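Each of the next two complexes has chain A plus one other chain: chain B in the first, chain C in the second.
Right after this comes the complex of A and B.
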């Protein structure tokens, strides 16, 4: 049977035919929109008609638009603070869950529940937790004697970005934790036993065994989370709308406003293309700074 | 093999969309030209709505069985819209599919449909932010045939501001008055007042006494006032509403948008002082958006708010239904202007609709007396048709007396408005958090406005 098919359809053409419907669907819903956005990015639609203007949108964004660079910096701060915090907490939780023997199942379920909350719901929940008048966070901190007066967490002259990034961290911890936990479970227990015989302490074991062998998991979790964070929209849109002032305005909200509030589609498309390029650069950066090839 | 794959992908990317998009209007689809709309004013203000002559025939010629209409938010909040839809179906036999869409998703959903020249939507809901954008791209059908001078006179003056270059592209759905004051009589009484404030000076004095730390724990339990300084329109509209009381419309200062006019800076200064000097509003107002202030009022954290009229219906359904009052927003001076902003919502027809005759009749029906009365009575939405307020049921609405005191309203719709408001809101917030003085903030906003508007 197999031989007959090979005779009729050469060089895996049969396989290609099988995936052709999926390819066609993919082409329609992914490739065409991508090409369309790229073409739009070379057009100006200010007068209501699309006119080809070459690289002018890109030139304007990169050289004449200070907002782009300010929002880019905000996006980077958001990614660094948010994913940095999420990674530290995620690692601690993963190490703990990898060590404990009792209530393992329920502990892992609890650690994962934040992941099950839809981003918009999580944003609304945090909006009320951080509220300056009725918010639970202010109430708890005042009851504990840490605060004397309530703090308007989402209206601070400086620091609101840090608050937003920590909300993002809360949503990212379960994902990072799951990947790291999976990585931890692939490390052979023998290595720790040998290290113990050699007199290594916990910190040394972490430094010479856990961290190096966890590098692939760290790369995967941090890289994917960072790209997700870079394009996160719900949290900033719901919590601050980019304010106060423009202190929490980010590239993704800039694209949204350009496309759907100001209706400057060509400019928004160029911004989107630049965001994709920046995401690709981020991947390159992560692969460069977290090498995984010398693990042996 | 590679060549084949690339060929197929390119073919799909360019050929399929070419078939999928692009609609051409058939002769049957132009049947709306045979409908006799006149006499418009008489028809739309009659006790029962009368279809224009030739409407049924035109719809039949077009072959329309169903209209697809996008709607702001879920229909469970819009009983009047549902009832008006039923009335249309009874009159024409055309079914209506309302697509309830969250406000923030409306543009992202409609824009791709228009760009793909899709006929999947017939009628779209409009507001100040999308109306000019859609018309400038020829995405809305001209509806000049639905209007004449007599018909325009039946509506409040703001309706004329929706005419673009001498052409009509919409009919009104609702018009929500922004500036109605809601207050809690029990809180005012406890502070020694029997009436709400009539002037801004009285307002400041009153809100100071209404701001209380009841249990002396350092946390304010009851704020005198709260406003919305964030959102897509809210932050700019609060500035504009106070500036209007000082006698200037920043969206139209001698035909130009001017947010650093002295009266506007004074308005910003007033609001900044409420937060930072008098401390009568929650410091978190910079993050408050659509609905937040209403929630605070309903939960008993705020004594006075100035909010759209839909809050009235929410109050009536809440635990404070026996302890709230409504009044005209305070004026700058007793004899000063009481101009208020109207947030307009309208209907427009997609250029790519294949059901234009039925869609035109829907627009004609929705601005008629029975439909507009329903909007006001069932949903407490303001309407532009003046006669609707004469209906006996309309007179029973609690804030009808407040509406009757309003003598001047403004509806401003202009290209670049969304961008202008975004700049104003950001700079207003900078002033609120003390990063800039009101003058510097509004000067910076004006620099951006000049660029946006091409001054």
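Right after this comes the complex of A and C.
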């Protein structure tokens, strides 16, 4: 009785009231900027004044700007090479962690460790390791007799992109590993025993049992880390700064340079909108691969 | 038959141990290397023959960065921004997640996806309008601006994963509380919130660390020591003409400290946060 008297609002209205503060906040710092960036993308701001120019920014980006396509390709390379190797290593480490019987807790903590390192710091660590004159990697490789002369890892004429993406991989292995390990732990052990009795080898067991049951975890972990790799700014900005030349410039650095170095805000806004569309397409691509029942 | 199975098991275990040892070296060596570099003297850093254990370990680099650079300021800024953003995510996010999880209203599902979609936007794509907005609000180069942008980046994540934590708490418990005379708000604060605390803790830790590590918006919206954080502060070293690697290393270690503490003591929460965030992501 008492409770009903106090309830002026219906349950649904009350629920909406609870999310209202977040909604207003988000409207201010996400929805409004999204609309604003879309409007800016149709404008030209040469000479400090914004003038409406319709789709001209988009037209010049897509048809007259070879840099856009080159940097887009670099972004794709970064995502594919970086997340590709992070996934392979993450899977192998997760399988190993799931196999051992002793020191499980401590092993998991150590395997997670790199996740805790801020991305910028990871990038600076590797910048120091890969340093051409005083770096540890060159020293170790020369001691081992693999290299004769120090290699300038971060200013190679080709292949710097590959090295950059591998530094990204180092930072995202732990996340993928955690998700895959959680997935592996849901697979009942009996399945493997039955398969062993039936004479299945390790590789067969992986193919018949592990891989199909792990599929949802694989797809979600790869999707999330791919989306995050695509937007990563701090690693490329500190590790190579887009260099040598323009060989590691990507869409993120292009937006940054356009907006804050060349101060062409309209053009940069159009690039931003294209980046959102590409991110959405990436999500869409993964979601269509994942059967809907796996999502819940 | 049994012996053969056991032998196969031992072999795969041995392989797993070898894989893990190799991975641990690969995982930990860069961190170890930056740590020993932070303890080295200039002479020991700039030799062609690096030492793996510092010959004359010293805390001089830490002292130098705190006395010759505004590192004290960066440290307090980072702490304030991380705590402020996490608090605002808890204040806004916990009740919103509860509202989404418990009450049916028009647009419940649609709004959930709007929140989720805002996390799909690459932060760089909103940097121009947010840069302009922060300018209009006269908040450029302030800690408040940093807290606002970090809330934008983490609130959707926070709400999204806490919806699933509230979903696991049976509705009957808060209904029972309401029959006992609690208002809906009281039943949230006294019953649901404490029960959801492990989930709130997990998402708060991830939000805290994510904010602590933020780089792009701090670089652009906080160009002077007034609002600069440790991530951007550490990257300043490589912009110098002569890069002081051992001082940079000391700055890097300082920036890593909270995350290392969390990984050691709250690993379970981090794993919960990461997995539940992605299962429904």
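Brief remarks on what is shown
The working rule: the second predicted complex is superposed on the first by the 275 of 296 C-alpha atoms of A that agree within 3 Å, B and C clash if a C-alpha of one lies under 4 Å from a C-alpha of the other, contacts with A are read in each partner's own complex, and residues count from 1 in each chain.
FYI, contacts are C-beta pairs under 8 Å (C-beta built on N, C-alpha and C of every residue); 3 or more make two chains touch, one makes a residue touch a chain.
Computed from a predicted structure; not experimentally measured.
Aligning the two structures on chain A places chain B and chain C in clashing positions. Of the two partner chains placed by superposition, chain B and chain C are both touched by A:23.
Once the two complexes are laid over each other on the shared chain, residue contacts for A:234 go to chain C alone; chain B is not touched.
With both complexes placed on chain A, chain A has more residues touched by C than by the other of chain B and chain C.
Of the two partner chains placed by superposition, only chain C is touched by A:269; chain B is not.
In the superposition on chain A, A:288 makes contact with neither chain B nor chain C. In the superposed model, A:179 lies in contact with chain C only, and not with chain B. By the touch criterion stated above, A:154 is placed in contact with chain B alone, chain C being left untouched. Contact with both chain B and chain C is seen for A:32 once the two complexes are overlaid on the shared chain.
Legend: residue contacts after superposition of the two complexes on their common chain; A:126 is shown touching chain C, with no touch to chain B.
Comparing the two interfaces of chain A, the one with chain B and the one with chain C have residues 11-13, 16, 23, 31-32, 36, 127, 131, 133-134, 237, 259-260, 265 in common.
Those residues of chain B that touch chain A in the complex are listed here as 1, 5, 8-9, 12-14, 16-17, 104, 107-108, 111, 115, 129-130, 133, 136-138, 217-220, 223, 229-232, 282-287, 289, 296, 299, 301, 416, 418-419, 422, 425-427, 429-430, 432-435.
Against chain A, the residues of chain C that register as touching in their complex are 5, 8, 12-13, 15-17, 19-20, 23-24, 26-28, 30-31, 33-34, 37, 45-50, 92-93, 95-96, 98-100, 102-106, 108, 111, 114-115, 118, 120-133, 148-149, 151-152, 155-156, 159, 178-179, 181-184, 209, 212-213, 215-216, 219-220, 230-232, 234-235, 237-238, 245, 248-249, 252, 255-256, 259-260, 262-264, 267, 270-271, 274-275, 278-281. Within the complex formed with chain C, the residues of chain A that make contact are 2-3, 6-7, 11-19, 21-23, 25-26, 29-34, 36-37, 40, 89, 92-93, 95-97, 99-101, 107-122, 124-129, 131, 133-134, 136, 139, 170, 173-175, 178-179, 182, 196, 202, 220-221, 223-224, 227, 230-231, 233-234, 237-238, 252, 255-256, 259-260, 265, 268-269, 272-273, 275-276, 279-280, 283, 295-296. Touching chain B in their complex are the following residues of chain A: 11-13, 16, 20, 23-24, 27-28, 31-32, 35-36, 45, 47-48, 127, 131-134, 138, 142, 148-150, 152-157, 237, 239-246, 249, 257, 259-263, 265.
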